[in-house]
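Multiple structures follow.
Below are two complexes that have chain A in common, paired first with chain B and then with chain C.
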Partner chain A sequence: MSLKPRIVNFEETWGRLLETVQSVIQLGDIKRGTWSDRFSDVYALCVAFPEPHSERLYNVTKLFLEEHVDNLRKQVAGAGESLLSQYHRFWQQYSKGAAYMDQLYSYLNQHIRKQKMSEADRNFGAFTDTIEEQLMDIGELALDIWKRLMIRPLDKCLQELLLREMLKDRAGDDTQHTVLHSVINSLVEVEQYKKKQQLKLYQDLFEIKCLEQTGAFYRKESARLLQDHDCSQYMGKVLQRLQEEQLRSRKFLHPSSYHRVLEECQKRMVADHMSLLHSECRTMVRKEQRQDLSRMYELLKPITSGLSIMVEELEAHIIDSGRQAIAGLHGDNIPAQFVEAMLSLHIKFSEMITTVFNKDQLFTKSLDMACSSVVNKKLSSKHNSCRSPELLARHCDALLKKSSKGSSESELDDRLGQCILVFRYIDDKDIFQRFYARMLAKRLIHGLSTSMDAEESMINKLKQACGYEFTNKLHRMFTDMGVSDDLNNKFAKFSQEKETDLGINFSIYVLTTGSWPLGQSALTPFAISQELEKSVRMFEIFYSEKFPGRKLTWLHHLCTGELKLNYLKKPYIVTTTTFQMAVLLMFNNQDTVQYSELINSSLINEKELSKTVQSLIDTKFIEQNHEGPITENTSFTLNLLYSNKRTKFKITTAVQRDPPQQEVEQTHNAVDEDRKLYLQAAIVRIMKARKKLRHNILIQEVISQARSRFSPSVSMIKKCIEALIDKQYLERTTKADEYAYVA
Partner chain B sequence: MAPKRKRGTSSAEDIVKNKKSKEGIRNYLHSSSLTSHHHHVSRAPFSVKKCQNWFREYMDPDTDSLGPEGMEKFCEDIGVEPENLVMLVLAWMLDAKQMGFFTQTEWMNGMTKLQVDGTEKIRGKLETLRALLDEPATFKKIYRYAYDFARVNKDQRSMDLDTAQAMLTLLLGRQWPLFSQFHQFLEKTKYKVINKDQWCNILEFSRAIRPDLSNYDEDGAWPVMLDEFVEWFRLHQTGGASSSAFT
Partner chain C sequence: MKVKVKSWTAVATWRWIANDDNCGICRTAFDGCCPDCKMPGDDCPLVWGQCSHVFHMHCILKWLNSQQVHQLCPMCRQEWKFKE
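Up next, the complex of A and B:
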């Protein structure tokens, strides 16, 4: 056949075409050849010569479809009870048929589209609404006709029947799922060619009413359920209902409705009964009724701010449980108990949040808030301090100290990791740092650490949690130890080269001033024992040669010496403090020594010396010759009958231990001083940058800067501001509550 | 002159500001003295010579300045108690550095400014000087001046509590309804000294805060001392009220 336009007899061609079209729309059987011929017929009509018949073809097709649909409607309307299934059957057929029609007419469609384009060109910029009837693709035309002549006239009827079926389904009665689904979705499909508001027909005709009906149903249903059930059962039923309703949506409705229906159900069964749920919530949290809580969580989660009361209740509950646990601590080893209690609190509730609350962030956050509230609880309103930082530091100390009960390295590491967990909740991190530093210093100097690897790993953990600045000094202390080992080796070599025999084993630690929390206040004059003098001098020479300009201060009160006792039945090796050693060495040449001699030769101050002598009396190395308080004339005799089960032991502990209360106080004072300096520095920094600042803003800025170390009180900040005004770094401006930086 | 600034950046602007304000006061004095001129004896024009001789009457020859004894005599001659507030105003006019003393320079500059060269003339000025206290802005200047003026130990930046109490009584005793409570509070606190910032803010506080403290804002920038006063006062008030209710 030729594609060239030619004269076509319209009547005759349409006659042939109509026959096929009638069959197509009813999904009749059509031979491939016939299909092709009719396809060409459409083409021929559209390009007919001299005048194309496209418009005419469009009109007769339209007429045909209208007649067809009108006919179908009459059958549907007359179907009575089976109206829906009849509609469904026709729709299934018609919608498919229409799609085939569209293909058959594809040349006409093209033709129409072209025409539209050129029209649009002509009306460039103007809308074409005024044109009476826009020509449509045949598929679209078919659906449009269905909408006009089938759905519109029957809309009330369809709506009513559909809603009735939905109700029946809810009541558990049988319904024809496929019919319902197809009828409902025909409302969407019929609009598939539309570019805008495809869902409008569906929504107007069905969805709005459907939601209304759902809401009304569940309003009644929830009232009924509440009458017969307690809160826990109610929640169970509601969850079940919600589940069912979700399934129902998927069975019948268009996807765009799923969440709307669900929301409507939630509104009626959950949001409308919020106050009831919230009032039950407290008991459930307090009694930790996991199943109920998990149900409630599931119900309240989708409601806007529905969880807030639950979150608050949980937080309050964690705080109460935590405070109870902490308040109940007594007996030995409070630090370990404290950390244990915090850990078990944390573990218990994070497990609960994971399983019951789906690890919801809101709850995780409330756990954090609660833990930090428990950890930072002040002892009393008067006491401004809280013991947690100290307790935690003591626990770390106990873990890192050499002890009889050996735990494996990984176990120790785990436990230190747990300490960090508690550490993160502490507000006053600077207090912890002070205590930790003091204890670390003791461990390092007296060689009490269980392992240097563990020490280092803990410092690194703290660094990770709090930053480099925080652990700076701890790191320096740690490195000093390593450097000192190196120095000792070099010194040994140095003495060898000089061919000096020191007569004793000698090792030192060189500690950087300022990095170690060692007060110089405890320094007493000390005339070094003869036996040590050579070593000390040699080392000073060695050190000043190696680091000219550096000054060494000997901290004798921190040193220890090992003595071998040869005057007893068997030889003993005793570790003593340097002062104890000095006293004992005095007995090398005589068995009885007067206190005045001790004073004169050692030069140790009264307080330190009496403490030292007392420790030797207590350990039974020497005996006081007369009862009563020690005076200058008191004399002491070496106990030649001394015996001990062990042959190697220490007598240093009694002297080295600080009175704990004093230590705590010192630490707190030191922290307070640090804080003032820190705050003043922060204030100056801020004011230098901002020049002028309102009081409240300055306070906020300072608090936020200090947060990682401690939480300063407003009055402390104010005092620091006043101190800076007094020092004329700041001044008040003429405006109330404003400060200015004085350059 | 402005109180000595410790950080040594006494800016030119400050001095200018001060000068201006003093000039303002001088003009004010002049105009008011015009009216009193006719009624009083002192018609003779101001004489530097006379003024110098007048100073010498009270001068301590050892120090070349007017000391405590001279001050006492001076006060007697002009008929004013040494503790009278008007003496503080005079000291301020003379820009005296140290309580109980006038140097010759201070005297000559100040009296010239006042156009006063003898006992009679200064007596005629006393009312005008007193009136300055009623002017809030001027009072504030005098109040602030009093801090540096009254400090015994000029090496220290702060004022000991006894002096402060005495000066506060003199300056605020009558006009601040809460003064006696504040006085009591200071007696009982740990404060041993008062710094300039606290001093200045006591006046601001007395002016800005109602006697029932209803407009006190604890989040404000008041020095901690004043926060503590409020806390003490409230505790004291409610405590007092309840105990009186029981008796």
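Up next, the complex of A and C:
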């Protein structure tokens, strides 16, 4: 057979073709040979000579299909109760048949497409809509006919039946799933050739009504459920319903409807009863009814801003339980209790958020907010500060101090890590830093640290949490200790070379001024005891040789020494402060010493000296010869009967235990000073960059810059601005509430 | 001897001894550091010239590097030489 166009007898060819087509559309059995022949028949008709028969072929095929579908419709319409299954059977057959036909007519399809294109060219610039009827591919044509002649006339009927079946399914009755699914999806498939709005028919004919019915059903259903059940049970039922509905939509509907149906259900069963759920929410959160909460979370999550009330309730609950826990602290070791309480609060609720609320970010955030609110609770409205930074610092101190109960390195590290967790919630980080620095200084100077590694790791943890600037003083302190070790070694060599015997075992810590939180207030004049003088002189020579241009200030109140007591039954070795040492050394030459002698020879100021003497009296090393307040004429004698179970011990002193209240106050004042400087620096930085700025904006900028260290009060910022105006860094502009930077 | 000192652990702080409070170049206190540094102390040392003027080391180096011909002390205009 040749492909050349030739004269074709249309009637005869069509006759043959029709027979096959009839069989194809009903999915009859067709031999391969016949199929090929018909395929070429189509070709032949399309390229026939002298006139191609393509248009005629199209028309007769259309006519045939219309007749066929019309016939089917009559059968379907007459099927009564089994209308849907009849429709389903025909549609399955017809849609497949149509697809095969499309293949059989593929040459014609090509032909039509080509024509369409040239037509479009011809009509360029004209209204393409005016063409009476666009020719379609055969497959499309077939589906279009089905739509026009099957669906349209039956649409009401179909709709009603489908909805009735859905309702039956909801009620739990059996339905023919496959039939329903196929019928519903035929509404989409029939439009598969359309380029846009493929779903329109499906939506118009079915989806809208379906959603309406769903809504109505669940409105009733939820009302019914609410009558018989309490909130908790209701939520359980609703969740079950929602799950069923999801399955149902997978079973019947087109994928585009899944979420719409679900949304509709949620709206009717959850969103409409929001106020009820929210009102129940409080008790559930308060009583921590996990199952109910998890149900409620699941229900409210998909609804816009549905969770907000829950989040608020949870936050309030955490804050309340946190405050209760903190307020209930009493007895010994409050710092440790405080940190423990915060930790257990955090652990409890983060566990709850993980298991009940699926680690939802909203809740995690509320936990953070709540924790920081608990931690930063002010003592009272009068007090503008809270104790948390101090407590936390004290807890860290207790952990890092040498203590009898040995805990392993890793355990200690864990505990310090927990401290950091609490630390992150603290607003006034600078107060913590101050306390921490003071305590660190004490630990380092008095050698109380349990391990230097732990100290360093804690500083690094703080650095990670708060940045280099926050910890650089702490770092400096830490490195000063290393530098001092080095110096001690070098000094030992130096004195060996000079062949001087210092007479005592000497070591020193040389600290950088400014990095250590050591007030100068405690400084007192002090005449160095003879025994120590040589060491001091030698070290000063050594230091000025090694570091010219530096001056040493001796902090005698921090120095400690070891004394060997030979005058008692057993020899004792005691650790003392330098001042105690000086007093005790006075007794070397005489048995009784007058207070005025002590004053004159040691030059220690009144306050320190009386404290020192008192500490020695309290520990029974010396005795006061006459009762009464100490005056210049009071004399003291050495207690020659002193005894102690241990041979090596430390004289506990009131000197080292500075009164805590005073220390706390000092620290707070120091922090306030620091804050003022910090704020002024921040203001100048901002103004230098912006030149001119409104008051409010400036305040906001300052607060945001300071946030990582502390939350400044507006009044403090205002004072700082005033101070800067006085110092002529800033000036007010002619506009109200505006400042300008003065270069 | 009734009482004998066995050992003594001293504590001292150090600071710069300069003939002025402020660095003549950056005008910040010698107790502080130059504007480029963050921490006073060993990391930001002072240096003395033979003319007896003192500056932050970083400050005077910056100044000297900016001078093309003669390296003079910014305070007294004598030739700058580091004091040994």
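To be clear about the criterion, the second predicted complex is superposed on the first by the 736 of 743 C-alpha atoms of A that agree within 3 Å, B and C clash if a C-alpha of one lies under 4 Å from a C-alpha of the other, contacts with A are read in each partner's own complex, and residues count from 1 in each chain.
The working rule: a contact is a pair of C-beta atoms (placed from the backbone, for glycine too) under 8 Å apart; a residue touches a chain by one contact, two chains touch by 3 or more.
From a predicted model like this one, the values you see are computed outputs, not experimental measurements.
In the superposed model, A:162 lies in contact with neither chain B nor chain C. In the superposition on chain A, A:284 makes contact with neither chain B nor chain C. When both complexes are overlaid on chain A, the residue A:356 reaches neither chain B nor chain C. By the touch criterion stated above, A:190 is placed in contact with neither chain B nor chain C. Greater residue coverage of chain A by touch, when chain B is weighed against chain C, goes to C.
Of the two partner chains placed by the overlay, neither chain B nor chain C lies in contact with A:8. By the touch criterion defined above, A:736 reaches chain B but does not reach chain C.
Look at A:399: by the touch rule set out above, it reaches neither chain B nor chain C.
When the two structures are aligned on the shared chain, A:725 is found in touch with chain B, with no touch to chain C. Annotation: chain A has no residue touching chain B in one complex and chain C in the other.
Of all the residues in chain A, the ones that touch chain C in their complex are 445, 468-469, 472-473, 476, 483, 503-516, 518, 529, 531-532, 535-536, 539, 543, 547-555, 558-567, 573, 578, 581, 584-585, 587-588, 638. For chain C in complex with chain A, the residues that touch the partner chain are 1-18, 31-32, 38-42, 46, 48, 54.
By the touch rule above, chain B contacts chain A in their complex via residues 5-7, 9, 157-158, 195-198, 200, 208, 219-221, 223-224, 227.
Contact residues of chain A toward chain B in the complex are 695-696, 714-715, 718-719, 721-722, 725-728, 732, 736-739, 742-743.
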